[in-house]
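Presented sequentially are two complexes of chain A, the first with chain B as partner and the second with chain C.
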Partner chain A sequence: MRGRIIHKSDLVKIVEALMKTHRVVAPFAGRGRDSYFDVVTNENKNDIAIHVANPYYPPKRYVFPHMHKLMTIKAGDKPSIEPNCVDEKVAVFGMRSCDVEGVFHLDRFYLGNAFKDTYYEEFRNNLFIVNMVCTDTKTDIDDDCFCVCADAGTAAKAHFDLQLMDLHDESGEFLAVAGSEAGEALISQPFFRKATLAHVSRRKSVLGEVRKRFKTATSWYSAVTKYITHGGEIKDATWKKIGDRCLECGACSYVCPACTCFTVTDRPAGDGTFNRVRVWDACALSGFTRMAGGHNPRKAVHDRRNRRFFRKLSHYFIQREFTMACVGCGRCVRVCHGDIGMPQVVEILRRETAALLQQEKA
Partner chain B sequence: MSHPANHGRLCVRGWHVHEVASSPDRLRTPLLRKNGDLVPVTFDEAYDAIAENLSKIKKQSGPDAIGFLDSARVSNEDGYILQKFARTVVGTNNIDQGTSFYRTTTVNVLREMLGIAAATNPLEDVFTSKAIILNEIDIGQQLPTLGGAIIRAHLAGTKLIVVGSRRHRVTEHADIFLNIKPGTELFLYAAMAKIIVDRGLMDLDFIRTRCKGYESFLQNIQSFDILHAAHRCDVAPALIEQAVLLYCQNKPGMLLYPSATADIDHDALSAMVNLVLLSGNLGKKGSGILPLSEHNNAQGGCDMGVMPNCLPGYVKVTDATKRASIEKCWNAVIPQSQGRDAAEMLDSASPIKALWLDRHNPVVSASYKDAVEQIKKMDFVVLQNLFLTKTAQFAHVVLPVAAYGEEDVTFTSTERRVQLAVKAIEPPKGFVSAWQQVVAVANRMGARWDYTSPRNVLAEIAEVVPDYSGVTPENLGRDYGRQWPCTQDLPLGTPILFTESKNSRLFSFATVSMTPPEAGANQEFPFALTFGHSLYYWHQNTLVRHSETLKREYGILLLDFPEGFVEINDEDAKGMSIRDNQKIKIVSPKGSAQTFARVTSEVRKGSIFIPFFLQDVMKTIGRDNVKNTFVRIEKAG
Partner chain C sequence: MSCKNGNLYQPSIVVLDEVRDEIKDVKTFFFHFENKTQEDTFRTFMPGQFAMVSIFGAGEMAISLPPSPTEDRLFFTTRKVGSVTNAMHGLKPGDKFGVRGPYGNGFPMKDYEGRNLIIVAGGIGLIPLRSVILYALHNRSKYGKIQVFYGSRTPTDLMYTENLSQWQEDKGFECYLTVDKPDESWKRNVGVVGSLFKLPGVEMPVPDTTVFVCGPPIMFRFVLADLITMGFKDENMVSTLERYMKCGVGKCGHCCIGVAYVCTDGPVFTLEQIRKLGEVI
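Presenting the complex of A and B:
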């Protein structure tokens, strides 16, 4: 990998270069700590927020849309099926390391096994990722972030096309690293300069400083991964306690960069026409596991709730996908009505299970 | 993320509301009934037909033969323009929210006792509160954003007292759960007041300086006592006592109840407000009483005067002086007598010949027994909606309107927060807001209204409604809306009402009467009925039906119980050898209906829960006197 230097005022040139070939989306700041990804135009390109709270609504939707039309089905005398192909190049400028790791997790799930999901593949092949490393301790990171525990941040190690990092020195320099051939081509443009060894050591010291910002720096995943993988050690009462705090909104799955579940349904469009769509689904909802005959193996809310954590932390899945299905972005913490985001659940499971095990020993 | 009411947390419905605007089966053109069929026409043709027919009916049968109903979900602009049209162009006060019967008790009692019918404190105050009483609402399902806030407040140490006839998710967190018989709140809250007085726990300072009617209240509550209340409510007396102590010894304390309930009567709600006054829990952060509205703009509709007896700003139509000042502003005459409310417009004695419905769907609303027959009889029915609802089969004109997200409008939330809903996407070509359609018709009927943008309407609202006088799009957009009163003197709004300590209007204690209910459970009819919503069968599902995820979740219940269900307690079911999903017959003194039993421990022993979408069952067994419907269950089939 080659390091390059770009001045803050030239960052927009990266966007402009990408806009020639891609639909570019980037984060913008709203009121308070609100922020959102939006399509970049010539009008708003100078308003792109470099240091801003990571938007709630995750950029995973650019490879795995919230609702995606797969095909249009016409019934009647002349039935027909028309596939819906979306062949559009999209570049996400300013994707955070946690979300980059999330895309990698989706890659493993959708493309890493014998069956490849063609819809996902199409989106993924068309995606260009510009990773922005979180370095501003006031805006980029908040108390709910815990990527350092999930081995996803603050600087992504791979899976991006281009990585940018603010070196926070007076000269306004950003360090750029290419992660793909397309990225290499981009950093060969004249508005990038060569990086020096001083820049590299500056990078190290910035990252070292940033780590101190995290409120949750040790999430004790490993203990919980062990309990969940072994099975039987976590008592039903503990899951019940967690389930009682779930209000079944589904948000934890919708905002999770690593959640892969969807459902497929036909949306009536009038005149015997249906749009077959695939829509994000959530394990918090009771319809998620209901079977055709009516039986629901996970009917009680706590049985649904624990599924999320089995899926994300069990060794069986980690083996298959190389990482646990959590990237430490903290979104589930922020959207949860009952305060049972990943770190809270890990803590409840760890404390209650440890206490129970101790009691049993005694 | 930064919104003070939810901090970025949405419920399952919020996550799917976008599917309404994007639904492929939205109405695409206006429809006009010609030779018995609804056929596509242009907007202009539709407006002409409406103006012509309304003018004709007004001339032949008088303005009071025309009625207007809107949904408690439409914007302030829609509500304001519709009532102005009804009052000044048509000339009738027959204007109401379709769901008005739910909130009439709340408006009346709170205005009588406190002077203002709205939540006294912002929702975020649950985090400051030390004790919360949550009365008869499945808040985890009905208002999850607030339900979650209560759970989080409780985890941080706030005491939680849940009162209700049904167990629900938030009940699991309660410090005290008063699992009362349905409809016995009056006895509970009056007895609680009595305990406070007997133990001297009242806030005498507050009562002396801020309240009136205390002496007669003291006499009045002598007739209540804890043992009697415990008997009527069927909960342990010690538990009632503990609840009172928890509420009085942990101040500030809040009381929350659903305003959209038909089950709370005037006296029961008065007893609740008495408790709040007695404990002095008013005018401070973390205190107060919050009527919780499940409709996003029930509060705004009332503020805009979508009521048969009140003009915008709660001015009584019979108040000549105040009416005159609005007439001057509108440069028009307002009829002086009170109009018909929603129920009166649709009951069998109604003389209404023409009806204007803005996104209200009375045909599927179980609250009106005779709606179908009445609407069938009408000479002219105008419907504004996004979809072809069941009411459309009786409509003469159907106008498709812009959806949420396709227009710049304002809504007023359950915490008095007037908020901008900013246009995010373009409406389908030619579609405009409901209020703009009303303006088009008004101008065809001789009005000279020159509103060109929602901004003009909001400016007029600010002029007419004193509490909105500081409301401008800029002011609302600066933060996350403003809580009224938002006046020119108080441009930032008023998060907490009644904070001033003196020289203000006095609050009134109310006297309540303990007349025994007309009917009670007896051997013949041993089960009390309760009615309610659920997370997925939300009201009549007009919106839920257009979301793929919500439809699936709703469909699950329908697949398990394709012909609907009522819920009965597991122990009761065992006693009668009724299994889950067994066909049963519900018999009331008024009639009987067949449905299926869903056996669950969530409902209280001795009561039966009927979800709101089972209109047929509700109609047959009678819900005139909701508080006192008792039934028996028989096996059927």
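Presenting the complex of A and C:
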């Protein structure tokens, strides 16, 4: 990987270069803490927020949209099925390292198993990722972030096309690293300068400083992964305690960059045609496993909560996807009304199980 | 692979040839593919696999494949129970619907060669096992003793009566029937499926035997208890699991039990595997 230097005022040139071939999306600041990804146009390109709180609505939707029409079905005597292909090139400017890891997790899940998901593959092949490393300890990172625990940040190690990092010195320089051939091509543009060894050591010291920001991140997985994988060690009472706090809203799944579940429905589009759409689904919702006829194998809330964390942390799936299905972005912590985001659950499981195992021994 | 060519989610269009009433609310739908090449690809299925069926406008569902790959005709048998099966039961010969598959692992029939096969089914649990029975009969010389134990609530709830009467006469294997509530004409055994095991003259070989069990959960529990008492090992008992499914290819997440996706890792599991899934069924 080659390092390059770009001045803050030239960052917009990256966006402009990408806009020639891609629909570019980037984070913008809203009111208060609010922020959102939006399409970049010539009018708003100078308002792109470099240091801003990570938007709640994750950028995974550019590879796995909240709702996507898979095909148009014409019913009747001569039925026909027309797939809805994806051919638009999209570049996400300013994707955080946690979300980059999330996309990698989705890659492994949708493309790494027995079947390759056709639509995901098309979205993914059309995606260009510009990763922005979180370096501003006041805006980029807040108390709910725990990417350092999930080994996803603060600087993504791979799976991006281009990585940018604010070096926080007076000159306003950003370090750029290419992660793909397309990224290499982009950093050969004249508005990038060569990086020096001083820049590289500056990068190290900035990242070292940033780590100190994660004072409250206590999502220590290893013990919990062990308990969950072995099975039987975590008592039903513990899951019930967690289940009691779940409001079954599904928000944790909707904001999660690593959640993959979806449902498929046929929606009438008039004239005997139907749109077969896939929509995000959430294991928290009671109908998630309900079968025709009403039998629901996972009827109890705590069984469904058990499911979520088993799927995310069990060693079996970590082996299959190379990463656990949590990237430490902290979104579930921010949206959960029952305060059972990932770090809280990890803590409950860790403490309760240790205590119960102790009791059993005594 | 692309969206137009080899799309994972695109069903092939099939034509409904004939609808046959099986029992109350259960019908069999005979069909053929519009495209011959697609039909040939589909016909590579093995007993125990399943397909995703689209009833246009109603949605898509996963259902098991009751025909044996050795048979000429393709068909599905479904009970009218949800929105898609309701729409399916409204179809008439000549109507078209969508099919994709076959999916799932299926029963490893090749691995079972040389072994005795015991098939235990209750109610519409016979649907996936019908395929096993016909496949085994077609390759009769490759298997040892074949026994079928089938039970239903009443004599009118017995599935595939045509096959059943044929199987009664067939000398190549044993077929035992039972019902919970007999009517005047019923002359056979009365009681749960497990009661068939104790009938005089029934000898179930334990070594080198694979037992297939399919049926409602309550039957499952009692039959398994009986079989375990008789000395059958967990690894020699197989069943197919069913779950709500939306994709059939391990992506939508609905069918995941513990560490297994029923659609890609199953739906066929040995009892030993089921016990190791890490979630109570």
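Quick notes on this one:
The rule is simple: the second predicted complex is superposed on the first by the 355 of 362 C-alpha atoms of A that agree within 3 Å, B and C clash if a C-alpha of one lies under 4 Å from a C-alpha of the other, contacts with A are read in each partner's own complex, and residues count from 1 in each chain.
The rule is short, and it goes like this: a contact is a pair of C-beta atoms (placed from the backbone, for glycine too) under 8 Å apart; a residue touches a chain by one contact, two chains touch by 3 or more.
Not measured: the values here are computed from a predicted model.
With chain A as the common reference, chain B sits beside chain C without any clash. When the shared chain is aligned, chain B comes close enough to touch A:Tyr254, but chain C does not. Of the two partner chains, chain B is the only one touched by A:Asp244; chain C is not.
With chain A as the common frame, chain A serves as the apex of an angle whose CA-centre rays point to chain B and chain C; its value is 80 degrees, to a multiple of 10. By the document's definition of touching, of the two partners only chain B reaches A:Arg33; chain C does not.
Of the two partner chains placed by superposition, A:Ala217 touches none, neither chain B nor chain C. In the superposition on chain A, A:Met71 makes contact with chain C only, while chain B stays out of contact range. Judged by the touch definition given at the top, the superposed model places A:Ala185 against neither chain B nor chain C. In the superposition on chain A, no contact is made by A:Ala158 with either chain B or chain C. When the two structures are aligned on the shared chain, A:His337 is found in touch with chain B, with no touch to chain C.
Legend: residue contacts after superposition of the two complexes on their common chain; A:Arg290 is shown touching both chain B and chain C. One of chain B and chain C touches more residues of chain A, and that partner is C. Following the chain A superposition, chain B and chain C show a smallest Cα-Cα distance of 7 angstrom.
Residues 263, 265, 268, 281, 290 of chain A lie at the contact with chain B in one complex and at the contact with chain C in the other. Here chain C touches chain A in the complex through residues 1-4, 6-11, 13, 54, 56-61, 81-85, 96-98, 242-244, 246-247, 249-254, 256-259, 264, 278-279, 281, going by the rule given at the top.
Interface of chain A with chain B (complex): residues 31-35, 53, 56, 67, 244-251, 254, 263, 265, 267-270, 273, 275, 277, 279, 281, 285-287, 290, 294, 296, 301, 334-339. Against chain C, the residues of chain A that register as touching in their complex are 70-71, 73-75, 77-79, 81, 83-86, 109-110, 113-119, 121-122, 231, 260-266, 268, 274, 276, 278, 281, 283, 288-293, 297, 306-307, 310-311, 314, 316-317.
Interface of chain B with chain A (complex): residues 1-3, 7-12, 14-15, 19, 22-25, 140-141, 144-145, 147-149, 151-152, 155, 169, 172-173, 479-480, 535, 548-549, 552-553, 555-556, 559-560.
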